[in-house]
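Shared between the two complexes below is subunit A, which has subunit B as its partner in the first and subunit C in the second.
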Partner chain A sequence: MSMAVTGSPASAAGLLRLRRHPGALAGLGLLALVLLPALAAPLLPLPDPTLTAPAGRMQPALSAGHLLGTDHLGRDLLSRLLWGARASIAVGALATLIAALVGGLLGLAAAWLGRLLDGVVMRGVDVLMAFPYLLLALAIVAALGPGLGNAMLAIAVANVPFFARAMRGAALDIRHQDYIAAARLAGHGEPAILAREVLPNLAPTLLLLMTTTLGWMVLETAGLSFLGLGAQPPAADLGSMLGEGREFLTTYPRVAVLPGLLILLLVVGINLLGDGLRDLLDPRWSPPRPAAPAQVSPSRAADSRAPQTHEHDPTPPLLTVRDLGVDVSGPEGPLPAVAGVDFHLRPGERVALVGESGCGKTLTALALLRLLPAGVSQRGDVRLRGRTLMGLSAAVLRDLRGRRIAYVPQEPLTALDPLFRVGAQLREARRAHGEEAAYTTQALVRMVGLEQVPGLLRRFPHELSGGQRQRVAIALALAHGPDLLIADEATTALDVTVQREILQLLRRLCDEQGRALLFVSHDLALVAALCERVLVMYAGRIVEDAPLSALLRRPAHPYTAALLGATPELGRPDKALAVLTGEPPAPGAQLTGCRFAHRCPRVQRVCRGDEPALTDHGDGRRVRCLFPLEDPA
Partner chain B sequence: MSGPLLALAGIGKAYGGGRRWWPPGQRAAATRVVADVDLDIRAGDAVGLVGESGSGKTTLARIAAGLLPPTEGRLHWCGQALHRLSPAERAAYRRGVQYVFQNPQTALNPRRRLAAILDDTLRGLTTLDRDGRRARLREMAAQCGVDRALLGRFAHQLSGGQAQRVAIVRALLGAPRLVILDEPVSALDVSLQAQILALLADLRRRHGLAYLFISHDLAVVERLCETIAVMREGRIIEQGARGDVLGQPQHDYTRRLLAAVPRMAPVG
Partner chain C sequence: MGGYVVRRLLLLLPVLLGVSLVVFAVMALVPGDPALAILGPYATPERLAELRAELALDQPWWRRWLDWLAGVLKGDMGRSVSLERPVADAVLERLGPTLLLAAAALVLGAVLGLAAGLLAALRHNRTTDRLVTLSVLLGISLPPFWLGLLLILLFAVWLGWLPASGMITPWLRDPGAALLTADVLRHLLLPSLSLALVAASVIGRIGRGAALEVLAADHIRLCRARGLTERRILLVHALKGVLARVMPVIGLQAGFVLGGAVYIETIFQWPGLGRLLVDAIAARDLLLVQGGVLVLATAYVLVNLATDLAQHALDRRTAAA
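Then we have the complex of A and B:
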């Protein structure tokens, strides 16, 4: 075990981080409580654990010379407990080592060499696993004869299949990773790849298995000894002490309870430590932060001002978003990932929310539905047809979602339940609000253009193509005729030809039925085929809001211009791509002034002063920039 | 040298199809993921391979890199069939073809520091001593815009763009002649994508590299490649010079693919 720890490159950092892992610390403490006295037993002034004294039987605790009293043969209980714990731990650890070594090698060989060896080893493992494992251990002990050594061997053998199977699975997984292919390309042979790439990634899994199994094996040793097949009198381990003490459970419970308690401490301690080690050996692990439940706090300015433009708009807005902010939890408290988002959607309007990953567009979309995960809180006001969604009860919100606002996810394979047929899922969506849905199942199928698919309703999601699945997901969202569809990267996972069909479908559904659409995407070119207005987000802010054609013709914000300039266009291979240096700031980065300043080609000193506001730029456009690009004309 | 650097002749890959042990003599149904592929990559040439997901692009790329044995056909390196290469020529092929994976995070061992991963690559591909390796790493990191302070980190501590740069450094350490790029910018945002595309064009000019560039994005392929091959259901259905394939597509599928590419212009 210790070898695996030092063998891992992350061990030094990992052990340093031990202090920050309460579970591992507790496990270590419990284990030390049992282990240290047990290890020190030969040095302690303890009476011989096998020395009987019939005259002094069942002495109470704290009697002279016997701190915990004596057992039914007058032997010192403390001494027997400590020596018994030594035996139990030694047997458990040795059995674990043997099982891990043999099982691990078998599993690794099966995974790496494959083919015939894999078949033979795994079928052998299957045969062994088909026996109840205690029966297997009993049979081995019966053949070899009782005794602690044989019990250990039996337990080790009975656990080999478990290790072989788990290690084969883990090794197979690693074998197909790209970094193994990369190591092959670097010209390394199989032994070097096994040693440098596979074992460091396998070691934590093995270590975790060993620690969880160690506790289990201590229990099993105790079990066999309890049955009289392990430690033979007068020697004792914790299990045989438990067995002997059982007869006096009602009269002298101490004799049985103490070894039982010791087993409990040992097993719980080992398991806690094992869980902790797995985390600590993973360089990707960081200490968990206390997660606050998703919260909503009203905006400071909730009712004080309307968004700056569209004030004289004839149609009342469908959705109004004011000063929306989203805070995610960071190591030192909440970080504002989205702030000051103001916009509104008119009925039937198709609007895109565009930005690069991490700019907060998905958080914004989820905040509109009040669907943010735990640990993320939102501020500001969202109103649907003038009615605020903030402060609504979960039941009322549930009723609005799906009925008035519906969501189309990115990856329909994970959004559809793999265990239910398409028909059942459509039926369920139609019934969701305890009232008649807006459309029949047949109408929904026709709307999304799936009426030609034979036996559609009887199919499972995996029996459909990606495009068909996305159509089903759209049908689910349409079941109650919502006023607003929010589609989050709804075509990103699809091939170009299918992508185009889905875009056309979304466009048609919105056009024909007067439905508004908020289309979240990282791809401006996609948006151009679908939307009328574009909201460009950068680092948690809306930096530009403009009608599509105006935005494409003359972007006002330098970031929008850079996005347009960086997108390759088919048929223009010689278009010089505008290369923005650097990367977007992380959420909560300490920035003063404009969030785009450090990448902006037009940055001035004043840009690093106060953050610019999203201001009216004429023609129904808004831009958050002190020096917006002017009309080239 | 006039002939192609790497030539794929009649390459096919099928899974399954082995003899069944019961009933004896029968064959299991085979799934062909690549069939009858002929493709030449000349030194310094950039070949784009486009097609929808599941069309066999990645399988073909892995075969070309020697990561996957084909079930049919031959690979030729500098005019020689691969199985006829002498050990020295084989080593040259090994060094000469490198691969950049789609997801840089899974292509870098999560439990090792980047410097260790890169040093291993140098040890595997070159005979440089410690100082030589350090100098080579410094040079390539500089060319690829990788801050050397990043190399002490683990892959998960890098952003997607930085990790892909490190993966490109790794591919170039052994001075390859052909780099296979499997959707190297698909996971990146457009501003980072532009950075990586510029880097790839620059590196190609500087080192005279040949590229086999796999992408589902025609506009990206058009920028970087002079030759384009369109793949569908495991076969190359059309290949030729960029202008011909994109300008006068012969195959109906190519035409549909071109028509589906979103344009940066408002519709309607």
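Then we have the complex of A and C:
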């Protein structure tokens, strides 16, 4: 086993981390507790475990010379337990070793020596795995005859298919790696490649499989012994002790209970160690930290101030967002991913939220629904028709979602439950808020233009195209005729022609039904075809809020200008696309001043002082910049 | 759906053929003269000669396998030496109680395991989750035969609530259907629990992982965005998703339950096939072992077929292997 460990640097490093894994440590401790006395049994001052004493049978624990008492033949129980544990461990480990060697070689041969052999081995594995493994072992013992060696052999053979299948999979994975092809190109022969590249990389997998199966093997060999098919008296392992003790269960329970307890401790220890090894060999695992409690909204959320409206606003806003912030919990405490987001939406208005990926658009959209995932919390205030959503009960929020505010997600593939038919999901969405859905299923299907799809309602999501799935997702969102539709990159995953169709559909559905739309996108060209007003987001801040035409004609924030400069225009192939250099700051970055400063072509010294506020520039435009382009005032 | 069922049924044939071949081949491992091994050292020379002719030992192995298979298909598995009756009769008589025990254990194990897995995932990283994880670890490390003994000690010996052995109380006279059912259920509870707790641990472990995955899925969040109740999201969408993922594991646990029946039937004196097998092995009654293993393995193959079909019914994206 030590060879297997040192074979791969990755696994060696993994093993070094063992001491940081509490489960694995507990497993090692338990194993030591059982293994050390068992290994030391010949050295300890214990009576001969086979020495019978008819006069001293069933002595209680702590009697003279017998720490745990004696059994039905007067043999010392402690001595028998320790010698029995030795036998059980040895047999279990030997069975594991045989199964791993034979199965591993078979799997390797199947993966490496051509399709014919692979076919034969794998069909054999399939058939053997069609047996309940214990029955297979039982049949083998029946043929070979009872005895500890035969039982061990039977358990080993019954587990060979498992190892063969797993190792074949692992070997096939390695076979298709680039470094194998590289070794071949370098002129190394197959034996050299196997010895130098394949075996060291297979070793950790095999070691892991052995550790995780050792527990079963100990249990199974003990089981065969329990049935009287393994160790034959006077030799004993823990299983046969349990089997003999069964007769005295009601009178002297300890004779049967103790060997079982020892098996349990042993196997728990092995399994804990195995789970730990699996974690440690998994590169994604990291030592456990005190878990950060997942919270949805801290208390300072609800802001009592009356929602501010623009002075020249004709209609009261449908949605008001004030000082919205979103914090993502990281290893060193919460990171502000979104901060100071202020905006409002009037009824029927179509507004875009635009920015690079990772700027906090989706977090903002989800925060409006109060649907942030665990570990992400939100601050500030969100009001729908003047009523705050902060501090509302789950039941009230549920009633608003889907009925007043609806959400269309980015990825149509994962938006629908793959296990339910389209019809069932539409019906369910319509019934989500009592029986008063705004539209019938048929009306919804027509509304999103799917009435031509034959048997639509009987289909499963995977039987639809991406565009069709997105139409279904829109239909689900519209079931109750919501006042506000949030479309989160709703066209990004679709190809261009389908994008255009979905865009037209969204526009029509908002126009005809007087519905407000918040269209989250990274693509200004799409936004231009759909929205009236644009919110530009950068690094978790809104940097510009302007009517579409004004924004396109005369961007005020340098970042907006950069975004526009990077958008290709149809019919102007000669337009040189300006590419913005650099990266947006990471959410946790300690920055003073404007967050765009390090990428900005117009940056001045004061920009790195205090962060500029989102200030009104008249004309319904707000900009977060000290030196906006072509000041419209 | 139809195409999948047909493909899956066609796949059954080679697997069952292979199973019969393995059962036949294992018996060829018997050292020495098979006729002597079957009849034992006290057999008369005439009977030995007769059996050798019956086993057609002069024929090639594939011929003997096919002959044996043809016999099995006609319901003839040879004659049990220890019971002095046809193997098929003895096996079929004991099959019912084993299937009852295994089915009860599997259903109980699946329900307990799924509930524990879902609960742990809902309370991820909290006390409930840790308790479930710990119980699951203990459950998969438990020797089922020891668990059975502990249950007898607790519920039959100390508390005296439930019977410790058998399937029917022997002195019941003409109990009527209702009373008989209640009596069998009382006898069934401890043995099925001994198997179910171990099966539930494996199912719970996989179920917890599956539930964590499903609960984090986009479509679950979108159910919330649509305003569905948490109860409906959990019991309809999450449960179906978890069930579809766990179904193959439930099928595998059928193998544990059918094999583990050997221990549990021995401990609880349950009149099933497992105990028959142990007795047959002790008596070196090889034809009886062969017949019993074949029937139990076939039952396992059929249960796996059923769980595969159930998984396909839950999730139509799964294709035939």
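In this section, the second predicted complex is superposed on the first by the 486 of 633 C-alpha atoms of A that agree within 3 Å, B and C clash if a C-alpha of one lies under 4 Å from a C-alpha of the other, contacts with A are read in each partner's own complex, and residues count from 1 in each chain.
Methods note: a contact is a pair of C-beta atoms (placed from the backbone, for glycine too) under 8 Å apart; a residue touches a chain by one contact, two chains touch by 3 or more.
A quick note: this is a predicted structure, and the numbers were derived from the prediction, not measured.
> After lining up the shared chain so the two structures overlap, which partner does A:Leu67 touch, if you call subunit B first and subunit C second: first, second, both or neither?
neither
> Quick check for you: in the superposed arrangement, does A:Ala613 touch first (subunit B), second (subunit C), both or neither?
Touch partners of A:Ala613: none, neither subunit B nor subunit C.
> What is the contact status of A:Ala406 with respect to subunit B (first) and subunit C (second): first, second, both, or neither?
second
> Could you look at A:Leu219 and tell me whether it touches subunit B, subunit C, both or neither (first, second, both, neither)?
After superposition on chain A, A:Leu219 lies in contact with subunit C alone.
> Given the touch rule stated above, what does A:Leu476 touch, subunit B (first), subunit C (second), both, or neither?
Only subunit C is touched by A:Leu476; subunit B is not.
> Once the structures are superposed on A, label A:Glu197 by its partner contacts, choosing first (subunit B), second (subunit C), both or neither.
Touch partner of A:Glu197: subunit B, not subunit C.
> Look at A:Ala40 in the shared chain and tell me whether it touches subunit B only, subunit C only, both, or neither; answer first, second, both or neither.
In the superposed model, A:Ala40 contacts neither subunit B nor subunit C.
> Which parts of subunit A are touched by subunit B and by subunit C alike?
Dual-contact residues (subunit A): none.
> What does subunit B use to touch subunit A in their complex?
Touch list, subunit B to subunit A: 52-53, 62, 65-67, 91, 94-95, 97-99, 101, 103, 106-113, 116-117, 120-121, 124-125, 154, 156, 159-162, 170, 174, 189-195, 197-198, 216-220, 222-223, 242, 246, 256-267.
> Please give the residue numbers of subunit A that touch subunit B in the complex, ascending.
For this pair, the touching residues of subunit A are 8-10, 177-179, 181-188, 192, 196-197, 200-201, 282-284, 356-357, 495-500, 503, 522-526, 528-530, 548-549, 552, 562-564, 566-571, 573, 577-581, 583.
> Under the touch definition given earlier, write down the residues of subunit C that touch subunit A in their complex.
It is residues 14-15, 18-19, 21-23, 26-31, 125, 137-138, 140-146, 149-150, 152-153, 157, 216-219, 221-230, 232, 236-237, 240-241, 244, 254-256, 258-260, 262-263, 266-267, 277-278, 280-282, 284, 286, 289-290, 293, 296-297, 300-301, 304, 314-317 of subunit C that touch subunit A.
> Help me check something: in the complex, which residues belonging to subunit A touch subunit C?
Listed in rising order, the residues of subunit A that touch subunit C are 123-124, 126-128, 130-136, 138-146, 215, 219, 222-223, 226-229, 239, 242, 246, 249-250, 253, 256-257, 259-261, 263-264, 267-268, 270-272, 275, 291, 369, 371, 373, 394, 398-403, 406-407, 409, 411, 414-420, 428-429, 432-433, 460, 462, 473, 476-477, 479-480.
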